[in-house]
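Next come two complexes, and both contain chain A; in the first it sits with chain B, in the second with chain C.
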Partner chain A sequence: MARLNPWRWGVLGLAGLYFLIPLAASVIFTVNVPGQGVTFDAYTEILSADGFLPSLRLSLELAVATIVIVLLLMVPAMVALRLGAPRLRPVVEVVCSLPLVVPPIAYVAGIATVLKWGPDYLSRTPLFMTFEAVQNPSFPFVLVLAYVVMALPFVYRALDAGLRAVDVRTLVEAARSCGAAWPQALVRVVLPNLRGALLNASFLTLALVLGEFTVAQLLGFRPFAVWIYSISGSQAQLSVAVSVLSLLVTWALLLALAGLGGRGRTTATRG
Partner chain B sequence: MTTALTRADVATAAPTRRRRRVPGWLAVVPLLLFTALAFGLPALAMLNGAFTAKDPASGATSYTTANMTASVQGAYVTALLGSVKLSALAAALATVLGLPLAQAVVTSRSAALREAVLTASGVLANFGGVPLAFAFVATLGNAGVLTTHLGLTDAGWDLYSFWGLVVVYLYFLIPMMVLTAAPALEGLRSQWREAAHNNGANTFQFWRHVALPVLTPTLLGSFVLLFGSAFAAYATARAMVGAAVPLVTLQIADALSGNVLIGQEHVALALSLDMVLVAAVVMAVYLPLQRRSARWLA
Partner chain C sequence: MTATTLEPATRQEAATVEFRELRRRFGTTVALDGLDLTVRPGEFLALLGPSGCGKTTALRMLAGFEHPDSGAVLVDGEDVTGVPSHRRDAGMVFQSYSLFPHLDALDNVAFGLRMRKVRTAERRARAAELLDLVGLADKRERFPHQLSGGQQQRVALARALALRPRVLLLDEPLSALDAKVRLSLREEIRRLQQELGITTLFVTHDQEEALSMADRVAVMHAGRLEQCAAPAELYGRPATAFVAEFVGTMSRVPARIEDGTAHVLGRRLPVDGPVPAKDTAEVDVLVRPEAVGVAADADGDARVIAAAFLGAATRLTVRLADGTEVKADLSTHDAAGIGAGTAVTVTLPDRPVLVAERKG
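Now for the complex of A and B:
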């Protein structure tokens, strides 16, 4: 196989160039400002930039709420599929794949239509209050609903991989014969065994919410990605600096996670 | 959740049986209810809105196919075709360019390299969006680092164009190709290569007559998946080109927010339905192909 090496390194080298140049160029773009020479202002200004902290905080809050809800919905369902309801498995699989068939832009078009029902038809009913509440600009819960749906495919795959690696039924039966109640068996036996999968699902959801733009922009909210977009016209250097940082932080988080989970995954498939 | 489980548990426990059975479907119900509300409702609203029209004078709504007809005419059909063309070209390029990269990664003897590239691909394939667009603006935009240093503008380069979008889309499509092709390439048994060589085939003949035919369903499936992903992309295009390139996602956004014409919401919904139909076709083609390639490579 040694004769293939130059070919392989050529391919890898070209790919490396294509994937690294935009990042490197972005860093140069933010550091080397025409007329000012080399300056790190774009990075030092981030924290004090108008709207940075509120938008980042909003995104993080949305992410936490999304993670909590998606896990509360998915973990019991996925565990139950293994234990008592294998026949529902295709149903859940299809439900969790549906968001892949409806692009975010089409989904948000539907959401916007539903939200318009509020003022159009429901203004005299208590439901109207709910419609108003989910669109509260300081914490738009409607975004959480959308993000939970959009995270379902990722979370399904992560949890499915985690559950495949452990024998849930045996674990639960062992815990039950040792006298554990159902909640105890779930929380103290099953969940710790799924730690990697839960972490994986959480980080994927976090990355999804932090980077999400389509739904938030079209519904008129201003989390992190929309904020970057909104400053790009006036503060190009700053927007690129924040972009680079957010890409690097997301990748670092996910790479670290893959480093932790990857080893478990390969041993599981080989074993 | 757990309380629901315990209560149902007690209710169904037969007095003579020590072993209690949990009705497992109870734990699935909240998930199904949630998706029915948060996903089903908007989806139905889209479907309904795509086929209704509101009479501005009386305010009465009526069912019509006018929106669907409008969505495949004029500027809208230009945008639909623009999206299809861009996605098809970008997906085809990514399939062709991603395959050698996936092969180089899969056949590498360094497990660390393989793991790192596959993980990085997973990240790149899913989480680009606005930051990715700005990274490219800083690199190849009008004032971008490469553009100014290499004088690309004089050479006719323009990032805010069809080909500019293709270059950026490849940044998340190639990693996606690597991810979908890697399992299939791992499934190419070395015995097949050895058998081919023993029968006197050279490397080209092995690929032409053995590997590519086995990989064809995978390649087609990957192409279709990449096409769907490029077709649905909005954030990157919006942040980069604004409205310079007609794309269906940009059209929907403009029509929704009343940017261009007032009262186009129903056409936006019809266009969304067009997109869902395309995505459904994508899945209908992809899933059988994936099953077919899984049969060979299992």
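Now for the complex of A and C:
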């Protein structure tokens, strides 16, 4: 690592202040109640607050479903792309990057329109209940579909980086010549070597889903981010406390991920 | 098949491999243009040729990674062209390091046995036995990134042998290694192959490797087989001009065919092999550098233009009166007085010569 000279210390310090001052302000705001001194009431209230647990659980469920679907969709697709049609890579890259270009507000407007006219068109078909089902408030699958699309750019990049680091073709061929059928080669050889990339993709998707507000709010669902927003109007301290808490939860997940990756490396280097 | 048994290497029936009229094109390039080749049971056959000659494509077709546009691949007379690669019973060692990075050496070797659902204890025992065979008994728990290139290829070899394949395929397994390791691994592969008596195909672009290891060498050029013969024959009696010039070093000396003999450098020498059809023809005589005699001669009309010291021998490049360049190997002792610029005479030994059509 490069030595930290005074210049670098300066830049590090400034960056640290830029991040830490708002954070510290938030924390002080939640614990320092005028007239009562320091109190952690705001944090203890969170657990009993109306809608906290259901919205958090909904967000986590949506995140898990999104991660599972986006990985099931992208991993086989990207391995196949790498092995079978490397020339299509730029096309897929552009397609997967489109969600970054389309603003969520435009995206959700489109989805809302479809959800509105859909039932009319499908009413005479066996699928007429589909649009009802995907909007079930206890588990709005339509959000999972939306998040899968929104996660594509991140998942694509994470997996692409992972696939670049291993010689997928040779590994698959080696596995095949050892008697492994295609699915076995994928599960036993390719996936274990993409572990880091899979964890990265999962984490980025998790962060995306936990923080997503626009789509969920405009479609009228109440996952965690929407709940924080709705509570901030009435209970300012509580909502900031929740934000701080959600930041800590995100950090905890990040550390867990780093821990998992780190453990992988130590088992790999043990002789 | 005895793929899952664990008795010490009982020598199994070695397989015959046949390529029949294999054709394959990738876009506009023709990788194989009607390849016919038979590998005898237990034979170590090297596929030698310049890059792009189709040798790797042929090997990959036997492994099942490529499919021919037409033609067939037969193992023991049985057409395996349509059999998927994981049921081909062919062990393969790749050019680049192909070990599974997430598994240690033992698990890498045991991978195939695991795919065949061999019980854990059995497959570990068998894998350990194989690592022993390639001299890496003490490296079982090392991961690929902790092994040197040579060790990795040894593990890859053990992995390829784990399922007791009927055919062993080696795709330039030594080309990524440094010279010393390459030499020792060369000998080791040959020893193992002879011990196990397994039919082996070895792809290489290194002629020295092919000549020193193989029972027979198949020289390929532009998707076709040029010649398949034992190393000594390939070197001494090349069937085509391409083989002559690809294997070893050959110089062309302009000559003239008259009455079935070659007039070259002022001498008449009999022709080895078929004589060109026409009675008189302008041809080239092909000569190996070690066959060319060079002597300092102030009246000689040839001149040495370069001398390269190779150790025991010195390679002289001589320009003949007509501008042709000929390479000649002289023992360093004899070449002592002959430096660049020396006037010399060039002689050929009194032996039949190989002729080829005059080039361009």
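Couple of notes before you dig in:
Here, the second predicted complex is superposed on the first by the 235 of 271 C-alpha atoms of A that agree within 3 Å, B and C clash if a C-alpha of one lies under 4 Å from a C-alpha of the other, contacts with A are read in each partner's own complex, and residues count from 1 in each chain.
As a convention for this text, a contact is a pair of C-beta atoms (placed from the backbone, for glycine too) under 8 Å apart; a residue touches a chain by one contact, two chains touch by 3 or more.
Since this is a predicted model, take the numbers as computed values, not measurements.
Look at A:Leu171: by the touch rule set out above, it reaches chain C but stays clear of chain B. Of the two partners chain B and chain C, it is B that touches the larger number of chain A residues. By the document's definition of touching, of the two partners only chain B reaches A:Pro104; chain C does not.
Looking at the shared chain after the overlay, A:Asn193 reaches chain C, while chain B stays out of its contact range. Looking at the shared chain after the overlay, A:Ala181 reaches both chain B and chain C. Of the two partner chains placed around the shared chain by superposition, neither chain B nor chain C is touched by A:Leu58. Shared contact residues of chain A with chain B and chain C: 181. Of all the residues in chain A, the ones that touch chain C in their complex are 166-167, 170-171, 173-181, 184-185, 188-189, 192-193, 195, 268-271.
The touching residues of chain A, when paired with chain B in their complex, are 1, 4, 7-8, 11-12, 15, 18-19, 21-23, 25-26, 28-30, 32, 34, 72-74, 76-77, 79-81, 83-85, 88, 91-92, 95, 97-114, 116-117, 145-146, 148-149, 152, 154, 181-183, 186-187, 204, 207-208, 211-214, 217-218, 225, 228-229, 232, 236, 239-240, 242-244, 246-247, 250-251, 254-255, 258-259, 262, 266. Across the complex, chain A is touched by residues 63-65, 84-88, 90-92, 94, 96, 98-102, 111-112, 114-116, 141-143, 145-146, 156, 159-160, 162-163, 169 of chain C.
Per the touch definition, chain B reaches chain A in the complex via residues 1-2, 5-6, 9, 21-28, 30-32, 34-35, 37-39, 41-46, 48-49, 100-101, 103-105, 107-109, 111, 115-116, 119-120, 122-124, 126-132, 134-140, 143-146, 170-171, 174, 228, 231-232, 234-235, 238-239, 249, 252-253, 256-257, 265, 268-269, 272-273, 275-276, 279-280, 283.
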